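You will see two complexes here that share chain A, one where it goes with chain B and one where it goes with chain C.
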Partner chain A sequence: MRHLRWLLIPLVVLPLGLLLLSGFGRDPREIASPILGRPAPEWSLTTLDGKALGTDALAGRPYVVNFWASWCIPACVDEHPVLAAAHERYGDEVTIVGVLYQDDPGAAESFLARYGNAGYAHAVDERGALAIDYGVTGPPETFFVDADGIVRAKQFGPLTDALLADRMASILNVAER
Partner chain B sequence: MIPTIGHASIVIGLGLTTYAVVAFVLAAGGRDERLAASGRRAVIGSFVAALVGCVAMVISLLTHDFSVLYVAENNATTTPAFISAISLWAALEGSILFWTLLATGWASVVLHRHRARHRLLMPWVGATLACVNLFFFAVMTWAGNPFALTAPVGAEGIGPNALLQNHPFMALHPPLLYLGYTGMAVPFAFGVAALVTKRLDEEWLRIVRRWTLVPWIFLTLGIIAGAWWSYEVLGWGGYWAWDPVENAALLPWLTATAFVHSAMVAERRGGLRIWASALVIATFTLTLVGTFLTRSGVVISVHSFTQSAIGPWFLGAILLALTLSLGLLVWRLPGLIGGGRPSGLLSRESAFLLNNVLFLGLTFAVLFGTLLPLLVTATSGDTISVGAPWFNTVNAPIFVALLFLMGIGPALPWGQASWATLRDRFAVPSILGAVVVAAGLALGLRSAAVLVTLGIAVLVGAIMIGEVIRGASARARGRDEDALTATWRLATRNRRRYGGYTVHVGVLVMAIAVAISSGLATDATVTIGPGETARIGAYEIRHERLVVEPLAADARVIETRAELTYTGPQTGSLRTALRDYPNSPTAIATPAVRTSFGEDLYVTLLASDPSTQAVTLHLFVNPLVVWIWIGGVIVGIGSTFAIWPERRRVAVAAAQPQRAPSVSPVEGA
Partner chain C sequence: MTRHLPTIALGALLALAALSIVFSVRPGPEPTLSERAGALARELRCPDCQGLSVADSPTSSAREIRRQIDELLATGGSDQAVRNHFVARYGDWILLAPRSPLPWLVPLAFVIAGIAGMVAWLAGRTRPPPAASPLTAEERRGLREEAEALDA
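Take a look at the complex of A and B:
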């Protein structure tokens, strides 16, 4: 009986440890976005090179909307090559669109000149209306829309190759089905 | 160059701290004074290393050295120098560097002060403190290097968190809070040392009580400064939201306060030694839990730093500290039981015990409410949040009971109270309290919380005044002094008791202010065009003009500003604005607060319409809020008075040769 008191330690430490441990891997700011599973917002904007771009042109195949800004260092710099590689790899099936978030087009162009322009279009969301429609809280934030125009996944914070592949699967599967 | 020096200083600090741990443990085993002295010097060296690191970081921030990732993420070329300097603690890595500075600072001061005393305890105290510091240096070395470099180097940084550059209190609140947090490692270290060496005696209690009170003062002021900051900056009209991180600061405060009280019983009457050491361990562990909650990204709050690799380190540290210290406690348990002298049901001991039960009740309630969302998510996957109403409902009765106890506890005698004593001390105050409640009812006050708090506050205040008058008049009669001199001398001869009273007065002032400001506040949301007016309480607000322009201090920030005039109990003009920061998705409100002793007029701009120039305002009249801050200052003064070193008895005796030493009442406040 005298040794039972040692049980106190695991009784206190284990539940607390498990509870606090369970919080890892989740980002509490990644609030379940109400937009998931719903039709993507419709829009029509001008791109950096002055062309018109909108949901009309994108409809019918999966697309990715990436909100970014030239001042978003280092997160947007970090994910830039990931997106470029994605454009290279998935470009035939998926359209990638960059959307400037509270940024000056000139600054965005010098960002692209510096870190490489992969060739996908960047829309200028001058009044931030599209960011509001998507419920963007801060760049980088990326939304994955399937061929039916339904938002399937969202990435809060910079994409990595693994994260991108995971999110991409959610819109590609639907396309293949 | 500067970042290299900063990084090198962290590595040097890590080395010195590692050496200190080894030296102290060897010194404890071999009773080797010279090893202990070298351990002490290593700790002081680690403080210097942390200081060099902090200076290097501040220089990097001030010179906008964007090759340092931390600077690129938290600074911009347009950031004012003051904001740059305090950005040292604006984000994760920098705050850990600053934290390490304070932790090594505490360790150095404690080890230096007690260098010639407590030869058995001190090596273990040193070893424990060095272990804690080692953890922070290790985190900075392997998980969150504040001097991590970035390439390519950008010409411009993101700039500091928008919320953090809005108010000078950002310079005050985190350092105070961190001083409190880091200082709680000191009583913990003494607790560990006492358990290891089996020296959990009155001497230990005396040292630990003082070393708990010092960080307790900082923690108290830090929490109050945080409430004040949130009131002045966040723009929702309140000062306490039961945000997880506010709770994280409150939790160790609750257990530390419980300890300060139970230590008095333990010191005076013996016993409670398990309890006292458990509270010391709990307090330190809760400071780590608080840090973990803020820095791991586990909970969301206005304070949470970005998700980082630091979380697992903190979790490991919490579990390790808890396992080892509980292990020590359980190991020593058989020798700790018993020892207290028995006492009656109606006695100061009982009041202290009940006080501790209530404080622990609060601790559990707050901890439960804070961790429940985590528990629910872990078990069912749902997301819930425990809001302020829940915390208010659960905690308000406990606070009221504590307030009541605060009045009667100190007036109860040790051992056993007689009915005659009770009648003498409590009859008049009880009647006064009842009269105030009746008067409130007659005047139309219907809020139960306000009435109960007012009644109890008057009761408690009257009891305290009675206590002071009894003590002072006894002294004035015996020594032929006038009343003021007698009171002052009595207080300075019994600093702990009268400092404690002063703290209680501060708490009383805060309690009344909290009850009334939350119970009797009025607010309204209005939309008015230029030249139109709106009414709130006795105030009339007039919309003069709407201005949209870049901020003079930082042109990247666009300010939408409503310029208003107001008439009523206070008259004047005010500006309240929404600021758009390039790195913040939402506009940051800058509420305008006009403070008077009676009430605050609090105005926040919610929205504006550029076409009509109309503004939507949230107007508040918050009564007595300023008294919360005044009460906080009184608490700070009282607790500082309590721990101020007593003047030497010799000097007193020389100044008053007629005084007989045996008369001096040794009151254990």
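Take a look at the complex of A and C:
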């Protein structure tokens, strides 16, 4: 009976230690997204250059929705060339759409003039309703939607070339099937 | 007094149960739409703040969520439908208080276990020494004989 007391110490300490340790590898700001594997939100907005854009026009092929803001520095600046390169490389198969997150269209135009405009469209989400539909907590956040309109992957924080290639694979495979 | 403690505790429990039934059955004033909207806004986390509710935050996300709450309630949505609308987008994270009772019960279980452990420890420490067993008739006779021998 007396030995059981010693058994109790590792039984309590080990699981607690492992639980705390597992938390070190995670970003506490990143929350599990319930929209993965579900149909992407439907929307219809106006782009920076005044055209109408929405899920009706995007349907039928994979697309990427990137929430960004001109005030999101340095993360949005860092990932900007990654998205430009992606538009260049995957543009024939995948549509890339930028969505302004709590940003002024004028400020966004200056950002694009300064860091380069790759040519893909940027929608103005004036009230922020689309960001709420996607469960965005702060830019940059990027969602990858397959040709069937299902959200397959989410990137929380800035994209790198490697991360983009990884997430892109989740929507390209479905298109090729 | 201590003898009656269980009875008193039972009485208190019955009184509390009766009171809770009375309060839950008594028809209170129906909350207005704006009261319901305010209560829901206080339950929901502002998505781009640090630990603020939607009701307390000035950000445009919070403003849009408050607008959507009003809209959902105005079109006849229940409070639960409004919660589900935002949970479908952000997950349970959007609720400031957890829905599962586990986070409330686990600390309570620890407190009860702690009190039980303390009581057991204190009881063990102040345990009275075992009562002396009464003398047998034979021992008594032996002692009397010894005493008489000393008196003589």
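Following the convention adopted for this analysis, the second predicted complex is superposed on the first by the 151 of 177 C-alpha atoms of A that agree within 3 Å, B and C clash if a C-alpha of one lies under 4 Å from a C-alpha of the other, contacts with A are read in each partner's own complex, and residues count from 1 in each chain.
Operating definition for what follows: contacts are C-beta pairs under 8 Å (C-beta built on N, C-alpha and C of every residue); 3 or more make two chains touch, one makes a residue touch a chain.
Bear in mind the structure is a predicted one, so any value in this text is a computation, not a measurement.
Asks: Scan A:Q102 for contacts with chain B and chain C and give back first, second, both or neither.
Replies: both
Asks: Could you say whether A:V13 touches chain B, chain C, both of them, or neither, answering first, second, both or neither?
Replies: first
Asks: Determine, under the contact definition given at the top, whether A:P34 touches first (chain B), second (chain C), both, or neither.
Replies: A:P34 sits against chain C, while chain B stays out of touch.
Asks: When both complexes are superposed, which of chain B and chain C contacts more residues belonging to chain A?
Replies: B
Asks: Counting only touches as set out at the top, which of chain B and chain C does A:W71 meet: first, second, both, neither?
Replies: Touch status of A:W71: first partner only.
Asks: Taking the superposition as given, does A:Y134 touch the first partner, chain B, the second, chain C, both, or neither?
Replies: second
Asks: Residues on chain A in contact with chain B in one complex and with chain C in the other?
Replies: 31-32, 102, 131, 136-138
Asks: Considering the complex alone, what residue numbers of chain B touch chain A?
Replies: Result: residues 69, 72-73, 150, 152, 154, 156-158, 289, 292, 296-300, 304, 307, 311-312, 315, 318-319, 322-323, 326-327, 330, 333, 371, 374-375, 377-378, 383, 582-586 of chain B touch chain A.
Asks: Spell out the residues on chain C that touch chain A in their complex, using ranges where they run on.
Replies: Residues of chain C touching chain A: 47-48, 59-61, 64-65, 67-68, 86-91, 93.
Asks: Show which residues of chain A lie in contact with chain B when the two form their complex.
Replies: So the residues of chain A touching chain B come out as 5-6, 8-9, 12-13, 16-24, 26-29, 31-32, 71-74, 102, 114, 131, 136-138.
Asks: Contact residues on chain A for chain C in the complex?
Replies: Checking each residue of chain A against chain C gives 31-35, 102, 127-129, 131-138.
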